[in-house]
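One structure below.
Each chain gets a letter, A, B, C, D and E, in the order it is written, and its residues are counted from 1.
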Amino acid sequence: MLVVEGLTCRFGAKAAVDDASFQISPGGFVGVIGRSGAGKSTLLRSINRLVTPTEGRILFDRVDVTALRGRELRQWRARSAMIFQQFNLVGRLDVLTNVLMGRLATMPAWRSLSQVWPEQDKALAMSALEQFDIASLAAQRADQLSGGQQQRVAIARALVQQPDIILADEPIASLDPRNTKIVMDALLRINKHFGITVLCNLHSLDLARSYCDRLIGMAQGRVVFDGAPSALTDHVARELYDLEAADVMGGMPVPVPEGVPALGTAAAA
Amino acid sequence: MTPREVDPRELRARYPDVFDRPASARLAMPAMIVAAFALLIYGLVDLDFSPSRFFAGLSQLGWITLMMIPPDPGSSLPIYLKALGETLSIALLGTTLAAVFALPVSLLAARNIIPSQILRFPVRRFLDSIRGVDTLIWALVWINVVGLGPFAGVLAIAVSDFGAFGKLFSEAIEGADQKQVEGIRASGGSPLHEIRFGLLPQVLPVIAGQVLYFIESNTRSATIIGIVGAGGIGLQLAEQIRVLEWQKVSFLILMILVAVAAIDFISGKLRFAIIGRRAVA
Amino acid sequence: MTTAVSILPEQQLAVLNAAYRRAVGRRRLRLLGGIAIVAAALVLAAIGAEVNLRTLFTYFGNFVSYFDRILTLDSGQRVWTDAGEWLWGWRKWLKMLGETLLISYVGTLIGATFAFLLNFFAAENTSPAPWLRFVVRRLLEFARTVPGIVFALIFVIAFGLGPMAGVLAIAIHSTGALGKLFSEIVENADMKPVEGIRSTGASWLSCMRFAVVPQVTAGYASYALLRFEINVREASVMGFVGAGGIGQELVVAIRKFYYSDVSAILLTIIVTVFIIDITTGWLRSHLFGKEART
Amino acid sequence: DDWKAKYPELTFAVVPAENASGVTERWAPFVSYLSKELGVKVTLRIANDYAAVIEGQRAGNIHIASYGSASFARARLTGVKTDAFANDINADGSTGYYSVFFVKASSPYKSVDQLKGKNLGLVDPNSTSGNNVPRFELDKMGIPDADGYFSKVVFTGSHENAMLALSQGTVDVAANQWTSDDDSTLAQMLTKGMLKNADGSAMKKDDFRIIHKSAPIINGPYAYNSDLPEDAKAAIAKAFFDAPAKDKAAFDRLSDGQKKGFHPATTKDWDGTIELIKFVDALRKKKAS
Amino acid sequence: MLVVEGLTCRFGAKAAVDDASFQISPGGFVGVIGRSGAGKSTLLRSINRLVTPTEGRILFDRVDVTALRGRELRQWRARSAMIFQQFNLVGRLDVLTNVLMGRLATMPAWRSLSQVWPEQDKALAMSALEQFDIASLAAQRADQLSGGQQQRVAIARALVQQPDIILADEPIASLDPRNTKIVMDALLRINKHFGITVLCNLHSLDLARSYCDRLIGMAQGRVVFDGAPSALTDHVARELYDLEAADVMGGMPVPVPEGVPALGTAAAA
């Protein structure tokens, strides 16, 4: 059970997240939607405690995550795996080592520092890579991969953490349809099979509606929508994205434009 | 997701080089470390390091330190302050000159700007030679031109730091992120633009740090400024050490420490103004 | 001409431009202020340093005079016409160079090791606590500000005369110098990978090992090798403890005006610097690996 | 006075003495006295290295220089056009100092010939009293090859280090400079309490013994540029010799009243030193071959 | 008219683009689709000459782009604007300056190096930013922006180049639906209004079908499909993505999965 109470994160004067409150019961698959700059990434980062909230509390299974320190904080981070929008891989390490980073919290320091990885951890990492079709790249440096390949490495790293909750920040932004499906299915599978909570920023409303049990809509740092995907009416979506409803809800298959859209329509909408 | 689902043996068979890396790959790094340490141990033995002497001497270590307490400038404080000011200005001018000349040359020595090994080679060797020539020699050379005095010190510092900056700047440039440069290139920017907008913003904090460090280092060290007859704080310090005035020595060291800390502070401020504040670990 | 962007109406532009100018203006003002201060400081320094461009240009011809002399043998011929006479002491010099390299290696390695251990505490973006950062930074400043000679003298009194005292002095100074430079590399590193690893619950140590170290090793290597080079040339401390080596030999030749010896010893040192620099280049390209994909 | 038009500014270069502090303060009054006497501006330059002074005089932009004996000889040998005109008179009226061999008083050694196979501590290769003269003296005693005669000859790095090494037993005999019982590196170190017995108690003068004293080494000269006009040279020399009388305060400041005045001298007075330097130079290649 | 003839780009032994040939007539809006690692980015980069082709030729309006050097090469780059998958902004410069980088080729060196930008260029850059809703961020440093904000800055930079052809590498990967629409509409508008050719890597087949006149499908560096969107049959798409056709063609609105997909289906598909 993840409880977020009055969470606020400020950068200088700007509140990236502003008094957000919600609860997620175990095993939920929750999508976070909203415009660019709405504070979605910051919300996820503050749950993982990469950003220290300015105000408010985060509880997980009745433990106050906001108050954790030292070893316990690290254990919380290990339990809440994060997938970053910009991958955050270590470019100069090879792919396998990048994935093995997900196992760091489980092994004694001497093992990891001397890079003597346990056999079963290596096997776990390899199978995660194989699951996303990139096991053959295991020995390559991460900064030589294509965008989609890097994204999949980052997802594999999160999965080998064997977390209780996954915080995914646009995990499919750079993926092709096949990999989008592989990744979303994998998230769904571990969510349903193992009861792992998933909190996922998504830009595609259609994906969000297909996969999520529940959606949280953000605008300018505030939670402005919280409910089942079916409750996301045209009206709400229009508010959320500041757009003509048809453009959002019809999904991406925008009717092939007849005339050329004038500049004004988009910019002034 | 869990290892149970995949048979490790099967995985192992499929990716042998991941699980059983060849001995040469596995042992290369440890072998290099062992070799480095073997040479260290050999050096320690060859240089008469003996732990017994070390520990026997430890007890004596505090002795001079005790003589340094309390730091006391005697009546020379105004002279010391003036000397510190002189040294600072010579170091500032010399190092700035060196940096100004080194920046363009360092571009010629950087691999990502001049990919041709044949063109880079002479530039790098030129910089090496300048560094290889002792600062004492540069001082003598400039004395022949401008005579004894602080100006000769400025020039000597400028030349010898030029060699070091050329090397350091070029290596900072080689480490820069190519993506940003590519962004400029793709919009039709000339090589000059790539450097000005793609590279400089990235390497500026590194360069600023290095320049400030060299100013600091030139302030600390006595050699050139003292040799060319420009006085300075280093000369005062060398003199007090020579005549074993420990309290004055410690006072001078404290003064220099304050100056160094101040430069360090400015350096930090400046670099972070360029880098921009970021999440702190 | 093709226009992919239609220009906004005058009025709207004016508002946006004004906002931009306001935001940038403050920054630009500060920058200009900074430049003005630096320029003023440089002018002051130039006056203080008795800069005299007229003398510089009038007598610039004298620049070569010293080089002219060190490239001349006692017999009045150019040094390279009689290599045997010029490099008469090569056996001695090579032996001294070897000793000096060993001393410098030991001193630099010990110094670099301590600098490596300390620099993460001194860097703003990786230091676990501000007070620790403050303490370590002051410690490093102390280590490089106290003159090597003072340390050498203390060590000579404590441990007796010999290379040990000099090596320790070099090691301490190298720790201070490299510690600061290393920490600046760390401060310039990309923090995204650190965040990536931290989010997996890794300890501070693991974050340093896996996210920071891979990014900074190349920079460390080049600073450490530069310091190695400086320590090879460094004569004063080692001369002071009676283990002069090639640096001391050079200074003696300079002071006694054994001109051709000066150039001959310089030659050995310059060749050493070449080798070190080429090694640096090789090591760096090795550490950076194949050029990262852009 | 046409030389003043040609030389509106004279540069006076000084290298700090090994055992005195505050060169700037010491020399400033004297230089302003010179300036007043000569009627032209005199600039004081304190260089930390004789090589710099020699190069400066060679290039012609140092007009007056205070040299050490050996470095003056060196300057002459390398063709610098400089002429000596004076040197210092010590408190006891002499114009020189000595290079001596110290041993510990508790040791049995009474002369150098008892020290075959022992360790010798020299100062540094460039030191007159700590290297050049000792080698010259040994040569005169019939020991042309010190490195073969002693089991080890070490450069200790400084005059202080040589005494330290002797007191710690690292070397059995140490060369050092000595003017009188109250004026030597040893005396200075004893006052500072820098020399200690193994038990930590301070050592005394009686704990050391001098077993050999060299011929006097003449005090270093004051020299002017040979190219200066004769009347300028005369004016400079006169200003020096008049100093103790005309501006006693400024003169006494130079040595805290330890020196009596300037002794007229000519370049010839350093012929002996030039011989010494030639001897040392001859050693250079002999040792290697 | 862009003509690509037998283009091959090798990295070591691997051919990222392998003997690709096609022609694009002026004013075309062409989508490039294919799996991750298929060579889409490399294709675009080699047209802009950021990667030097190992073999083959590229002609634009009968000029051999592969043979250009120096000033002419820079002018070609200015004419072919590139939008990067990873934005490639200069993080330490402010947003407006980043956009102005697109004008570098049009002004004398002294102007740009001293940063004295012509007024009309500033106006152009500001208008481009406003068009994408981020004019208010003009003074911020690029590295402080959210992912979507950075992407829009990169697109603005490409547009102010006033190019003849736009090479867009997944320009909407990090964008929300509203911005996706704004950006795609902007590309469409300049394509249709001004006849600027657009070559655009896309992961969303639906978007590709909505906006493009023509699609080029790549697999393992080769061009395996080239035709109108309507010609992209189930069969072809399946081959291209190695997927069940329904998953690709139905667009992203995957039918809400009933059971949990087993690991095998995705990985072995």
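Some notes on this structure:
In this section, a residue touches a chain if its C-beta (ideal position, glycine included) is under 8 Å from a C-beta of that chain, and two chains touch if they have at least 3 such contacts.
For each chain, UniProt lists the protein as follows: A, E = Phosphonate ABC transporter ATP-binding protein; B, C = Phosphonate ABC transporter permease.
Just so it is clear, the structure is predicted and the values come from calculations on it, not from any experiment.
In terms of the stated touch criterion, the partners common to chain C and chain E are A, B, listed by label.
Placing every chain at the mean of its C-alpha atoms, the farthest one from chain E is found to be D.
In the CA-based superposition of chain A onto chain E, the rotation angle is 180 degrees, rounded to steps of 5.
Chain D and chain E have CA centres that are 79 Å apart.
Annotation: 43 Å between the Cα-based centres of chain A and chain C. Chain C and chain D, compared by their mean Cα positions, are separated by 36 Å.
Counting partner chains per residue, chain D shows two or more touched chains at residues 49, 51, 55, 59, 158, 160, 194.
Residues of chain E in contact with at least two other chains: 50, 86, 130-131, 161, 263. Among the residues of chain B, those touching two or more other chains are numbered 1, 5, 136, 140, 144-147, 149, 179, 182, 222, 238, 275, 279. Looking at which chains touch one another, you get A-B, A-C, A-E, B-C, B-D, B-E, C-D, C-E. In the complex of the two chains, the chain A residues touching chain C come out as 48, 50, 74-79, 81-82, 84, 86-93, 97, 101-102, 104-105, 109, 112-113, 141, 143-145, 154, 157-158, 161, 263. Looking at the complex, you find that chain A touches chain B at residues 50-51, 96, 119-120, 122-124, 126-128, 130, 135, 138-139, 159, 162, 186, 189-190, 194.
Within the complex formed with chain A, the residues of chain C that make contact are 6, 192-193, 195-203, 205-206, 209-211, 214-215, 288-290, 292-293. By the touch rule above, chain B contacts chain E in their complex via residues 1, 5, 179-180, 182-190, 192-193, 196-198, 201-202, 204, 274-276.
Interface of chain B with chain C (complex): residues 36, 39-40, 42-44, 46-50, 53-54, 56-58, 60-61, 63-65, 85-86, 88-90, 92-93, 96, 111-112, 124-125, 127-129, 131-134, 136-137, 140-142, 144-147, 149-151, 153-155, 164, 167-168, 171-172, 174-175, 178-179, 181-182, 205-206, 209-210, 213, 217, 220, 222-223, 230, 237-238, 241, 249, 253, 256-257, 260-261, 264, 267-268, 271-272, 275, 278-281.
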